[in-house]
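The following blocks contain the structures, represented as structure tokens.
Both complexes shown next keep subunit A, but they swap its partner, so subunit B is in the first and subunit C is in the second.
This part shows the complex of A and B:
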């Protein structure tokens, strides 16, 4: 068997919260939202995750799907920059992209990953790297979209458990309830990625202004538990 | 019934009884820089909160900074306090100190997902290198926190007598497997009723042949035994080039 054979289990490896690509140190905006009182219990966590899924999550999923489908990763990287107004979030995305690159190259060595690592030594946007990693693992655009979309909500849910001492069963139940919406976002992302192969402007540009603004404020906090 | 494999697990094995413990295994991280030259020796410092990790790092830097090119990576739990302590005390120029954020889980960043720390080390090599020695300081953590072999070449575990003289007996991966166990604040032993003899005996039982050193960093040259150990490691590292 070669790594180009599609294998469902590879998706489990890639999407595992323990995949060593730096995600554990990031809250996906949850820390700022919790401090502001916008997230305080399972219901508000669910609302936060739903909002993030439909905005930043959809964009990330489409970028990942397009990268997995073979779109030019350097152009996708620029498209990601254009869709991320907050400089702090752009930096976070590149940092996480660099960490994802390290883990992905160790797990699924591929010329496409090597080429992007050489072109963006300080890191490309994480969803773009994630998409190439998925392809290197023998996965398809829909798998890449699922992984990116899941990450958009699993990060905040894990962070909320640590920050609010939330019951971990409640937090995981939030993720379970969001599963059908995750599937739908992944499908939307793949459809957009297919159109984007002809015209990158077809990529979604959904944005959550509060996430962007709060990320800028959070980056300046002197004391915080999470890097973003 | 499950039977263990007859051979000893080749890597550091935290749960092994001390008689099975061996000399430190080499790090799994590549030992050269991208340009092919031998990279800096990386030493990790872990241990409970307040045991004196940052003070140990500062003292090592003060002793060795004239003769070696040194950089430090700190892993604070939720602040930049350790990095700022080192900066305030000017033990190294600011560009030689880098802080990694750990998302409420300092042990994850030094053991389970070392990517951010590896990048910090590589960035320091790139910006102020070539370096001879990189000290990676963990955020204060529990007795099970150890560094990944993919991140450091050797690790020091720092405990202190005021934390209770039972700590060596309790063992755990930090106490029993670190390449050097430092028992700090011996000057406080009479004040807190800690028995150094008991600590030494328990540490020996946990660690077998692995070295233990007692320090009082408040005393002049209190860091000397740790610096001597670091020099030894550096000599081995250079000799293996």
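This part shows the complex of A and C:
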């Protein structure tokens, strides 16, 4: 479960914001929250990220960990659908999954990635693909969970810098303050993923009502900077 | 974080179970061969809006749930039967003496060609309370369901209690909806801009009906004014729609859920 020195660099490659999997085009709901006046400074950005981490982030981390641990990716994909009532967010997750799939197959070719790509040509939920990519890169479930949890907060923080002209030092300090909670969420996710190998209902289903509601409104905006 | 911990052993709270079974009565109506309750959960047959439907009202005979209590409510609707269940009043989650968490588990099964309308009054988390609620629904592929859940954080002018509610719905054995909301003291970010912000009431209304397989509804924005509340109707990945509503109070949430139900409802079968 732990990262060995032989694979630690692979985690850096996978979790790098510059990994070409399309994440930079998405704000994780931050654009809608900023437009609504709910996120306006580092403190409100931190509250937003904390809420997203404990809900969508925890679910994504558990899906990724379960996929990396060998759970059936198609059942995980179905579980992800059931945990995503917003069609806009389901579409975003599949679009990001398709892009992650292309990048992952180029970096770490694997039969598991090929099989999922063939079964879900329009894209599987991104955390499921991320988990298989982690396994293909020689990483474990805890690594996959960390990558997914980090992505749940790094996207909004980066977007807030652009949308609010927030000081990048302040935005990054938010991420640094959240680091202990990221570790805790990743550990919770792995524990849930282990139980999910026997019973998929053990996967967390934490939801954030405002993220779901705002995602639909945001998807209908005629002009927006971020795709979600 | 939002995972529900097992109820502490040797708790001094009340344990109570209620059970309802609805079956066709052979004359176009619905009979209730099982209607059993105890302690704080008493289901009673009341007058139904439709002749083919059995109406049950759950009467809270005692104030419940208190911390440490473990309540369980089972209902099954057998093939072709129609059951509607409501409650006489809001359920208020109150703190117990020892700070233990209360549990309330609802298990619902709706068979082929059967219908369940599960429309209880709101659940209110009083200051200092701690309740873990689970609702699991097993739907046959040809079953119909209308299910409402309304959660209110604190009584009027009161600090919120803690409330974790998980709603898991399977249809034909496959996951249709799985949502857990964790709200109140000790839940990271719950009152922040990603989860509830300043709202203190939320509601969900799920309508599952095979009719939606042929008539997939679109997204409907029901309200987006923070002063009024926010709500959206979304089609799920299966033949079902979910209305999610946030508001300052229970009345606002009920109004938004009702609007969503009108916007989505399939023709009465």
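By our rule, the second predicted complex is superposed on the first by the 222 of 228 C-alpha atoms of A that agree within 3 Å, B and C clash if a C-alpha of one lies under 4 Å from a C-alpha of the other, contacts with A are read in each partner's own complex, and residues count from 1 in each chain.
What we mean here is this: a residue touches a chain if its C-beta (ideal position, glycine included) is under 8 Å from a C-beta of that chain, and two chains touch if they have at least 3 such contacts.
Note that the structure is a prediction, hence the values are computed from the model and not measured.
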Query: Does the superposition put A:98 against subunit B (first), subunit C (second), both, or neither?
result: first
Message: Looking at A:55, would you say it contacts subunit B, subunit C, both, or neither? Reply first, second, both or neither.
response: second
Message: Under the stated touch criterion, which partner chain does A:18 make contact with: subunit B (first), subunit C (second), both, or neither?
response: first
Message: Just checking: does A:201 make contact with subunit B only, subunit C only, both, or neither of them? Give me first, second, both or neither.
response: second
Task: Kindly classify A:212 by the partners it touches after superposition: subunit B alone (first), subunit C alone (second), both, or neither?
output: second
Task: Give one of first, second, both or neither to describe whether A:223 is in contact with subunit B, with subunit C, with both, or with none.
output: first
- prompt: If you stack the two complexes on chain A, which partner ends up touching A:83: first (subunit B), second (subunit C), both, or neither?
  reply: second
Message: For A:154 in the superposed arrangement: first (subunit B), second (subunit C), both or neither?
response: neither
- line: The chain contacting more residues of subunit A, comparing subunit B with subunit C, is C
Message: With touch defined as at the start, can you tell me which subunit C residues reach subunit A in the complex?
response: 1-3, 166, 168-169, 174-182, 187-190, 192-197, 202, 219, 221, 224, 226, 230-232, 234-237, 242, 244, 246
Subunit A residues touching subunit C - in the complex, by the definition given at the top: 29, 33, 36, 38-39, 44, 47-55, 58, 78-79, 81-83, 85-88, 90, 181, 184-185, 188, 192, 200-201, 203-213, 216-217, 220
Message: Under the definition above, what is the set of subunit A residues touching subunit B in their complex?
response: 18, 20-27, 95, 98-99, 102-103, 159, 162-163, 222-227
Message: Going by the contact rule set out above, which residues of subunit B touch subunit A in the complex?
response: 77-80, 100-105, 108-109, 112-116, 118-119
